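A, B and C label the chains in the order they appear, each numbered from 1.
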Amino acid sequence: MIDKVTHMLQEMLENVRKKRPLIHSITNYVTANDCANILIACGASPIMADESEEVSEITAICDGLNINIGTPNSRTVRSMMIAGKAANKLDHPVVLDPVGAGASAFRKDTAFRLLEELKFSVIRGNISEIKTLASGRGSTGGVDADAKDIIREDDLDDVILFAKAFAKKTGSVIAITGAVDIVADAEKAYLIRNGHPMMSSITGTGCQLSAMTAAFVSANPDKPLEAAACAVSLMGYAGEVAHERLSEMDGNSTYRNYIIDAVYNMTAEMLGKGAKYEVR
Amino acid sequence: MIDKVTHMLQEMLENVRKKRPLIHSITNYVTANDCANILIACGASPIMADESEEVSEITAICDGLNINIGTPNSRTVRSMMIAGKAANKLDHPVVLDPVGAGASAFRKDTAFRLLEELKFSVIRGNISEIKTLASGRGSTGGVDADAKDIIREDDLDDVILFAKAFAKKTGSVIAITGAVDIVADAEKAYLIRNGHPMMSSITGTGCQLSAMTAAFVSANPDKPLEAAACAVSLMGYAGEVAHERLSEMDGNSTYRNYIIDAVYNMTAEMLGKGAKYEVR
Amino acid sequence: MIDKVTHMLQEMLENVRKKRPLIHSITNYVTANDCANILIACGASPIMADESEEVSEITAICDGLNINIGTPNSRTVRSMMIAGKAANKLDHPVVLDPVGAGASAFRKDTAFRLLEELKFSVIRGNISEIKTLASGRGSTGGVDADAKDIIREDDLDDVILFAKAFAKKTGSVIAITGAVDIVADAEKAYLIRNGHPMMSSITGTGCQLSAMTAAFVSANPDKPLEAAACAVSLMGYAGEVAHERLSEMDGNSTYRNYIIDAVYNMTAEMLGKGAKYEVR
């Protein structure tokens, strides 16, 4: 028996496949290829463009915008601002991935300026990155979550409260991903228990998820909370399915391919059975 | 029995393997890695360089130049111009991939300026991109061909006439790739029926083909039409061979790897049997 | 029976796995993704950042710095200088990969300026690149070693003398990789016979090795010579292990994945058995 929420998540995947949203990504050069391929895998269509002269036009022909500060520079940050404002004007969903937000003053300033000047449908990061955004302080050791920031089961209620409060403050859906994923708006949170620890041994699974989130929110614009939760659950479940395929000699590179493959082959039926979430 | 044309295509592949042309690509950061690996797979050698201070020197030590506007910016466009002029001066083959040419005024202007100031051996794109170049109007929804531009069997003769006319106007071989591929100069067109629909679910198969086209034209400089047709047929046939290897759980990411693998393992004999073309 | 040196190499791999060094790479956009994934595979953690405003801060939170001039431009070269000076000040290991150093005046000047202004723990390149650095002349045909520069068995002693002399001059460990690898400081050289010829059919195995070298030197800062030799041997042995997995239809793209997989699955025990080196 599929309950109502699960049924909605299934429809959201089908909407991405039906509508094939075109997603404009201004993202880092490390994981851009994987982001493009996972967008296609989930049913969307990717375009990357970061020249300030063209980004507002590119955004205008797209259905959603994905901003990722993985390898920012002053030129591309300017383009993020321009594209973000164009997308906001057109009411296109915009997703922010504040990669390593606390790793430098430049990244922190960039993240804060993006938050001040743009309206995001969803902000997705690890707990250290989201804490940095929320506190203005925080600490990020590189692009992975700090050990001291790892979410323990006991802390879940606190983190949910934190996510809801930050969602209320920003008007964005907040997606905090890690061993357990929390996706929250001001009122409601999804706790998602999909995924596999080995996913953290691939560069850019977070970037890929943010790109997919933009696709899901663009194809399901009326329900950004559920759309983001659906993307998070799909990514995690794809990580589980892909992990089962691994043979003894496979490592993180084959795993990377298999996760994208699993998204490509994911059906609504599979997702309905595999999604592990609770609402709080 | 292998006919004369097929025999020529086989020799062209063998020429790439023998001469190992060094190809300078000024290309996008999304698919650069795949372009480099497929160049090696077909027998060529890649170098990427986009700093204006060095591009003319880099082009000078290479055998051919591949210009791709997938993620253009004002800095790299300047480098494309400089490298293109250097390559033209040295009579090195230059290939243009006008990715998403109609997606923004900046891309359109860039494409037109490249066409005006440089001489291209081959221009390869989807039908929407080539129409944009030819008409100065056209419309491109992102980087994929527009639905209304999809070539139907009934339209093939018209598209061939169009390709020949544009080839005559530009002095370039025109390669329009899609479900059916058309490679034409002013006099003659190859209609190529290799490939698999799933190839469009991988980001950058077009970019990869353009890079390979530069390799084939550089190793077979006297026959740019046939060299481009050979690269197009090889890419498509590799897509067929790779598709046969796919298991039920494989998706677009594994397919990407298998296509490059298939190019790597392609022999002249296989290509001779697999190439599906007609001359019109 | 494992001898003392092999035991030390094993410990070095275990140190990378234990300490999980965070490595800052300023590298090319062609192979950045593979570099990040192989860093994770060996036990390290990657961060890429090339904006001049942030690189010294990023370097400060990292354990080591990897500078690669594969697709240099004036902006990123400036960032390399800033990051390199910050790393030197903090006594962090810095690795230089002088990709295609002789291919243009810009690259040569860049390489020389880096050598003059920064102190490198390790410089890793092919014989043509290292010769260019050492002589100020040299010639590099693209990013692969020149045919005339290929190291023959008869020349090994000469190349070792050359490497030791250049190590003495620069105060850096010199790693010359090719069919046979030589890793030398002023006094001692490791001759490493791991690897497989097919590794040269993958773009960026050299870049990946340089990134891993930064990880090994950062986790074993007191023994840069042995740490670099260990990374070189590991990369080569992973190439052997990965090659054995290849089926008839696999080519360079699958091989790329399998090498990273092999690094991911490499144990100290395996490395102890597989490392083929002699000290001269």
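Keep in mind that, in the parts below, a residue touches a chain if its C-beta (ideal position, glycine included) is under 8 Å from a C-beta of that chain, and two chains touch if they have at least 3 such contacts.
Quick caveat, the model's predicted, so the values are computed rather than measured.
Although chain A and chain C carry the same sequence, what matters here is overlap: shared residue numbers make up under half of all numbers found at their interface. To fit its Cα atoms onto chain B, chain A must turn through 120 degrees, a value rounded to the nearest 5. Separation between the centroids of chain A and chain C, computed from CA atoms only, is 33 Å.
Counting partners per residue, chain B has 29, 33, 256-257 as the residues that reach two or more other chains.
Taken in their complex, chain B has these residues touching chain C: 22, 29, 32-33, 36-37, 40-41, 45-51, 53-54, 57-58, 61-62, 75, 241, 245, 256-265. Put simply, chain B touches chain A in their complex at residues 28-31, 33-34, 70-74, 100, 103-107, 141-144, 201-204, 248-254, 256-257.
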